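Consider the two complexes below, in which chain A is the common component and chain B and chain C are the respective partners.
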Partner chain A sequence: MPEQGPSWDVLADLQLLLQFHFMQNAYMAGTLVALLAGVAGYFVVLRGQSFAAHTLSQVGFPGAAAGVLLHVSPVLGLIAFCVAAALGIGWRGRDVEAGNRAEAATVGSILAFSLGLGLLFFRLYAGSAQGIYAFLFGSILGIADRDVQVTLAVAVAGFAVLAWMGRPLIFASVDPDVAEARGVPVRALSIGFLVVLALTVAITVQIVGTLLIFALLVAPGATALQLTARPAVGLLTSVVLSVAFTWGGLALAYFSAFPVGFFITSLAFGAYVATRGLRFARA
Partner chain B sequence: MSVAVQLEHASVRLGGRAVWSDVDLTIEEGEFVAILGPNGAGKSTLLKALLGVVPLSHGAASVFGRPVRRGSPDIGYLPQRRRFDPDLRIRAVDLVRLGLDGNRWGLSLPSPARRRRVGEMIELVGASRYQERPVGELSGGEQQRILIAQALVSGARMLALDEPLESLDLNNQQAISQLVRSFCRTQGVTVLLVAHDVNPILPFIDRVVYVAGGHVLAGRPRDVIRTETLTKLYEAPVEVLQTTDGRLVVVGQYEPVSHHANSH
Partner chain C sequence: MLALEFMRNAFIAGGCIALAAGLVGYFVVLRNQVFTADALGHTAFTGSLGGLLVGLNLLAGVFGSCIAVALAIGTLGGRGRGRDVAIGTVFAWVLGLGVLFLSLYTSSRSAASGTLGISVLFGSILGLQPLQVVVSSTTGALTSAVLLVVARPLLFLSVDPEVALSRGVPARALTALFLVLVAVTVAESVQAVGALLIFALMVTPAAIAQNLSARPWFGLALSAVIAVVVVWAGLVLSFYMSYPASFLITGLAFALYLASRLRRQVALVLAVFVLSACGLTPQPSNVGSGKVEVVAAENFWGSIASQVGGDRVHVTSIIVNPDTDPHDYDPTPADARLIARAGYVIVNGAGYDAWATKLLAANPVSGRKVLTVSELLGKKEGDNPHFWYSPAYVDQVIGRMASDLGTQDGATRYRSVGLKDYHDTLGAIKTKYAGRKVGATESIFAYVAEATMLDLVTPASYLNAISEGTDPTAADKATVERQIASKEITVFVFNSQNSTPEVQGLVAKARAKRIAVVTITETMSPAGASFQDWQAAQLKGLLNALGG
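Right after this comes the complex of A and B.
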C-alpha cells in the first residue's frame, strides 16, 4: 500500500496511483468492465431485468469455484456458468425475470443449489476463505495479466454485439408486440441479450464481486434513466457514470484503508439517490 | 379499387383449439372496417394472422396482393394494450422513430431525412406539443396518437388497430376515431379496427366484420347492425336503437361472453 497520501497535484497523484503493476491491471480491467457494464446496464434497467442480472451473478459462484478447482482462471469458470444460466433463463422465457411470479421460486431453488455447489467446490479446494471473500466482494487488486486479456476480449465482443443489436433491442424492450409484428426477432433478442449480460456479469464480478454487482450493472443505468429519456444520451451517461464510479472507487481505496467495493457502491448509491431526489424535488 | 386483404378458407388453431375456421374474407383498399364480436372469439387473432405473427393452420392469406409475411412495412399495428408503464423512460418521439427504423440492425449515422419524416408524422397526428416527453407520462389519448404516428411512419397502407378506443374517455374516443377516419379518407389508408364498443365508430365505418362462434362474417353496417343479427352473434340480448337524427346506437343487456371459448 502507498506510503504517501494524495496531494492536490493531480499528475503526481496519478503517478502514485499507477506506480504498481497491480494498480495498472486494476485500472485497465476496471475501465473495460465499466464500459461494457454501463451499456449493458442501460438495457438491464430499460428492460426491467435487474433481477436476472443478480441471478446470473450468483449462479456464477460455483463457476468461479470450479475455475479455481480446475486450476484455470476463475473468470473462465464464471463465463461458462453464467452463459449456461442465461440460456436456461432465456429458455424459460421472459416471465422468469419478473421476480414476483411463480417462476421466481424455480430460479430461487436453482440459485440456492448453485451457491451450495460453489461452497462444495471451494471446500474441495482446501477451504480458502480468501477465495470466497474475493468472489463475493470482488478482487480487483488481484487481477492477473491473463484476466485483463480475457476481460478485453469479452468487453470488445460484448460491445460489438450490443452496438449491432442495440436498436432492435430497444424496440423489443419498450414495445415487444409491435416490434414482433415489424419483424424483430423478439425472443431471440431476449436470449441474445441474456448471453451478453452473462458475459458482462462474469467480468464485472471480478471488480465488485457478486454481492455488489448492482453498483456497476444497475445503478449507472438507473441513474442515467432518471436524468434523461433520450436513448443515446442515456447510454452515454450510463457509461460515463460507470467509469467514474470505478475510477473514483479505485483511487479512494488506494489512498485509504478501506475496500474498493465499498467506495464503488457508495459512489453509485450516492449518485442514484441524488438523481432520484432531484426528480422528486422537480415534480 | 384494389384488394387490401384476402383470406381464403383460412383457419387458425391456438393451443389445439380452433379459433375460427374456413374463413373467406375480402377487404378493399381504403375501407374502414370494424371488427366486432364477443370476447375471446378471435378478433385479435384475425389481426395477428394478417400480420404474420400467428400462422394459419389451413388456407391462405394475402395483404395487398402478397402472401402474408411477418415484418411487412405495409401494415401499421397497434396491439391491444394497457397503457405504457409510467416509469418507461423513453421519449414519445423516440417511440415513433422506432416505427421507422427500430427493426434495423447495426449503428447508423444521424439521418435528417428520417428525423424530418418522424416530425411530419407527429405533426399529422397533432402530437408535436408533447413529443419530447417520456411516453409513460402521457395520457391515454396522447399515447394513442403517438402510437398511430408510430404505426404509419414507415409508410404503412393499412392500420391494424386492436381496441384503440378502450380506456379512453368519450372526447378522446371521438378524437381518435376522427383522426383514423381522416387518414382513411384523405390518404386512402385501409383501417381494420377491433372494437369492444361499436358506438363511437358507427358513423365512420364502411363495413363490419363479425368474429363469433368460430366463423367470420362481413357485411354493410345497416345489414349487420340489427337487433336480431347482433343478439344471435353475441348469444346475448342486444338492442339496436335509432336516434332522431338517424344514428344507430347499440345497447347490450349485459357484458357479452363468448360461449365458444368455453365450449372447447
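Right after this comes the complex of A and C.
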C-alpha cells in the first residue's frame, strides 16, 4: 500500500496519483487512447463492426511481437499489421460478419494462426513470457516517453480524419443505401474508417492489451448507444465513459495491487450491464 | 522419438483430444456456434486460474467453469448484432477476471505469472503430467463415443430443426448435451493447444472438411482424421525443429485450410515449404566415453560442475544464451532428450526453473542422480532463488558435487585456486564498505549484499516483483524513485538480463543523478566465461563504483 492511502480529499488523491513520472505518462497515454477509442468505438458499434475490432486487435498481436523481434517499437509493428489487416478486410468489399458460418470459420482460423504466429515470434526472440503477457493484457506502469509521443501523433491523426469524415460517416453507417444514392462514397469511407480503427486499436493495445480491447473500444460506445440515439450526445457520452473507465482503472490500480486490465474491464462491464438493466427495467 | 515418455504422452493425449475436437468441431461449425467455442476458450482461461486460486486442481476449474458457462449460453442463447456487443463485453470481462485470478494466485505463491498464464493460453502439450494424460485420454475417448452415439439425431436437428422436432427428436435435451460436449472438448483442448488456439483444433479441421465435401458422414470422419493428423504432425515437427508445438499445430491447420480453399496452387507451395522444412535434421547427441554425462539447467552451475568434476565429467548446460530468461524458458524436445540421457542433473529449484523439474518428472530414469540446489540448501519456492550469488551457498554446492561425482581433490583445488580472486574481491568490499546504502533493480543482488554487508535499501517486495516478472506496486515504485531522486543510495545495481522499460527508466534517472550504476547479469555473460571470471568481474565493477 502507498504511504498515504486514498482519502475523501479528491485534490490530495490527484496529487498522489500524478506525483511520479510513470503515472503522468500512464495518464497522458491513457487519456489520448481513451479519447480516440471513445469516438472510434461509437462508430464501431453503430456500424456493427465490433467483430472487426476484435479481429484487428488479435491480428495485430504478431505485429507487436515482430516489432520486438526486429528491435523496432512494438507499437509500430502493431500499426503495420493492424493497418494491413484493415486494408485486407476493407478490400473484400463486404464486411466481416460473425453471423455467416463460412466467414466465422475462416476468421476464426486466421485469428488462431495470428496468435500462434505471435507466440512463435516471441519465442524466436527468446523473450520472456511476461513480455507476451503484457501485450495480451496490457501493462500500464511501463509507458515510456517515446510511447506517449507515438500515441499523441496517432491520436491527433485519428481525430483529424474522424472529424473530417464524421458527418458522411454517420450517414453511411445508419443508412448506407440512401447515402450511396446521394453520392456519399460509402466504400471509400468504409476503408478509411477501418484504417482509423486499425490505428486506434494499435495504441489502445498498450493500455488494455489485445485480448481486452472490447473494454475501451466497444463497451463505451455500446453503453452510449443504449442511452441515446442522437449522434452528438452519443459521441460525447462514449468519450466521457471511455475516459472515465481509463482514469478510474488507473487510479484503482495505483491504490490497490491489482492489475489495471481487470479494473478497466470491470468498470466497462459494470456500466454496460447497468444501462442494459435500466432499459430493461424501464421497458 | 517415441522412446521418450513425454513424447508418448503428447501423442496419446493429443490424439484423443484431437479426435474429440474434430468430431465435436464438425457440429460446431455446422450449427454456426463457432463463437460459443471462442467464448468457452476465454472461460477456460479464467476457470482454470479461478480453480487454482481456490485450491482446486486446474482440471477441476476448467471443466467446471466451461460446462457451467456452456449451459448458461444455451439458456440465454441467440445471435444477432446487439448480441455480438453484449457477448464481447461479457467475455472481455471474463478475461479481465482471469487476469485478476492469475495475479492473485501467483503473488500468493511468488511464482512467475507470465509462465503460468502463457501455458494456459497457449497450451503445454510437451509438458503434460501423468494425471493430465489420463484425464485427457479418457475424456477425449468418452466424448468421441458419446458424440458418435447421438450423431444421427444431432445431424438431423442441426440441418432441419423443424422437421426433426416434428419427428420427435428431443431438441432441448440434445442441444444441452451437445453444449456439454463442446464445453468438455474445449476444456481438454486447453491443455494441448491453450485457451486461445482452440479454434485450430475445433474449427479449422471441420471447416476444411466442409470445404472438401458436402456429405455429412464423410465430412465428419474427415474432420476427425484431419484434426488427429494435424496434432501428430505438429508434434513430430516440434520434435525436430525448435518451434513451439502449439504454433506448429495451428500453422499446419491453417495451411491445410488455405489449401482446401485454393486447392492446387497453394498445395504446391505448401509441399515445397514442408519439404524444405523437413530438411532440418535432428542434432546428433554427443556422449563421451566413460565420462559422466552432466546436464545443468543453467550455465553457471554447469561451469562450477565442470571445474569440480574435471576429466570425470562431460557437462552440457541448457540455458547458455545470455538473452534467455530462465524463469520463463520453454524447453525444447532437444532439452528433454538431454535430460533423459543424463547421468547427473543439476537444477536450481525454488521455482526458478520449474520447467527443468517438469522435464525430470516427465522422464524418470533409474540410476540418474539429481542435485536440486534449493533442496540442498533447505530453501523452497518463494525464497530468493538466486543461490549462485551467495558465496556460502556456492561453497555448499561445490561440496555436494564433489561427493556426488567423487572428485574431492578437484573441489579443493577449485575452492583455493579457482575461486581465490572471487573471495578476495568480496572480502575487499566487506572490509571497506560494509554498511553503505545501495539500491538494486531486483532480488538477485540480495545475497551479495548479505555476504558483503552492504545495506540494500530497495523494498524487498519491489525486488521480488521485478525478479518474478510481475508488476511492482505503485507504492514500491514510488519509494525506489524517491531513493534515487534524493541520492539516498550511492550505487544502483542493475540486472541487465531482466529489465523492462520501466527499470531502464530508473537506471537512466540514477545516471542522471550521478549515482554509479553497476551492471550484473542473471546468467553467465559472456556465455563462454567461467563462473569465477564472470562473478569476479562484476564484483570488481561494484568495488570500483563504491570508490575502489
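Here is the rule we use: the second predicted complex is superposed on the first by the 275 of 283 C-alpha atoms of A that agree within 3 Å, B and C clash if a C-alpha of one lies under 4 Å from a C-alpha of the other, contacts with A are read in each partner's own complex, and residues count from 1 in each chain.
The rule we apply is simple: contacts are C-beta pairs under 8 Å (C-beta built on N, C-alpha and C of every residue); 3 or more make two chains touch, one makes a residue touch a chain.
As the structure is a computational prediction, the values presented were derived from the model and not from experiment.
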| item | value |
| --- | --- |
| Contacts of A:F193 with chain B and chain C, given as first, second, both or neither | neither |
| Contacts of A:Y27 with chain B and chain C, given as first, second, both or neither | neither |
| First (chain B), second (chain C), both or neither touched by A:G166 | first |
| Which superposed partner A:F43 touches (first chain B, second chain C, both, neither) | neither |
| Partner chain in contact with A:A144 - chain B first, chain C second, else both or neither | second |
| Touched partner set for A:G234, first chain B, second chain C, both or neither | first |
| Touching partner for A:F113 - first (chain B), second (chain C), both, neither | second |
| Most chain A residues touched (candidates chain B, chain C) | C |
| Interface residues, chain A side, partner chain B - complex | 46, 163-168, 170-171, 174-175, 177-184, 225-226, 228-231, 234 |
| Touching residues on chain A, where the partner in the complex is chain C | 1-3, 19-23, 45, 48, 50-51, 54, 98-99, 101-102, 104-106, 108-113, 115-117, 119-120, 123, 126-133, 136-137, 139, 141-142, 144, 211-215, 218-219, 222, 253-255, 257-259, 261-266, 268-269, 272, 276 |
| Of chain C, residues touching chain A in the complex | 29-30, 32, 34-35, 37-38, 79-81, 84-86, 88-93, 95-97, 99-100, 103-104, 107, 112-115, 117-118, 121-122, 196-200, 203-204, 206-207, 210, 243-244, 246-247, 249-251, 253-254, 257, 321, 323-325, 327-328, 330, 469-475, 477-478, 481, 500-502, 505 |
| Interfacial residue positions of chain B with respect to chain A in the complex | 48, 51-53, 70-73, 75, 77-79, 81, 84, 88-91, 94-95, 98-99, 101-108, 133-135, 150-151, 154 |
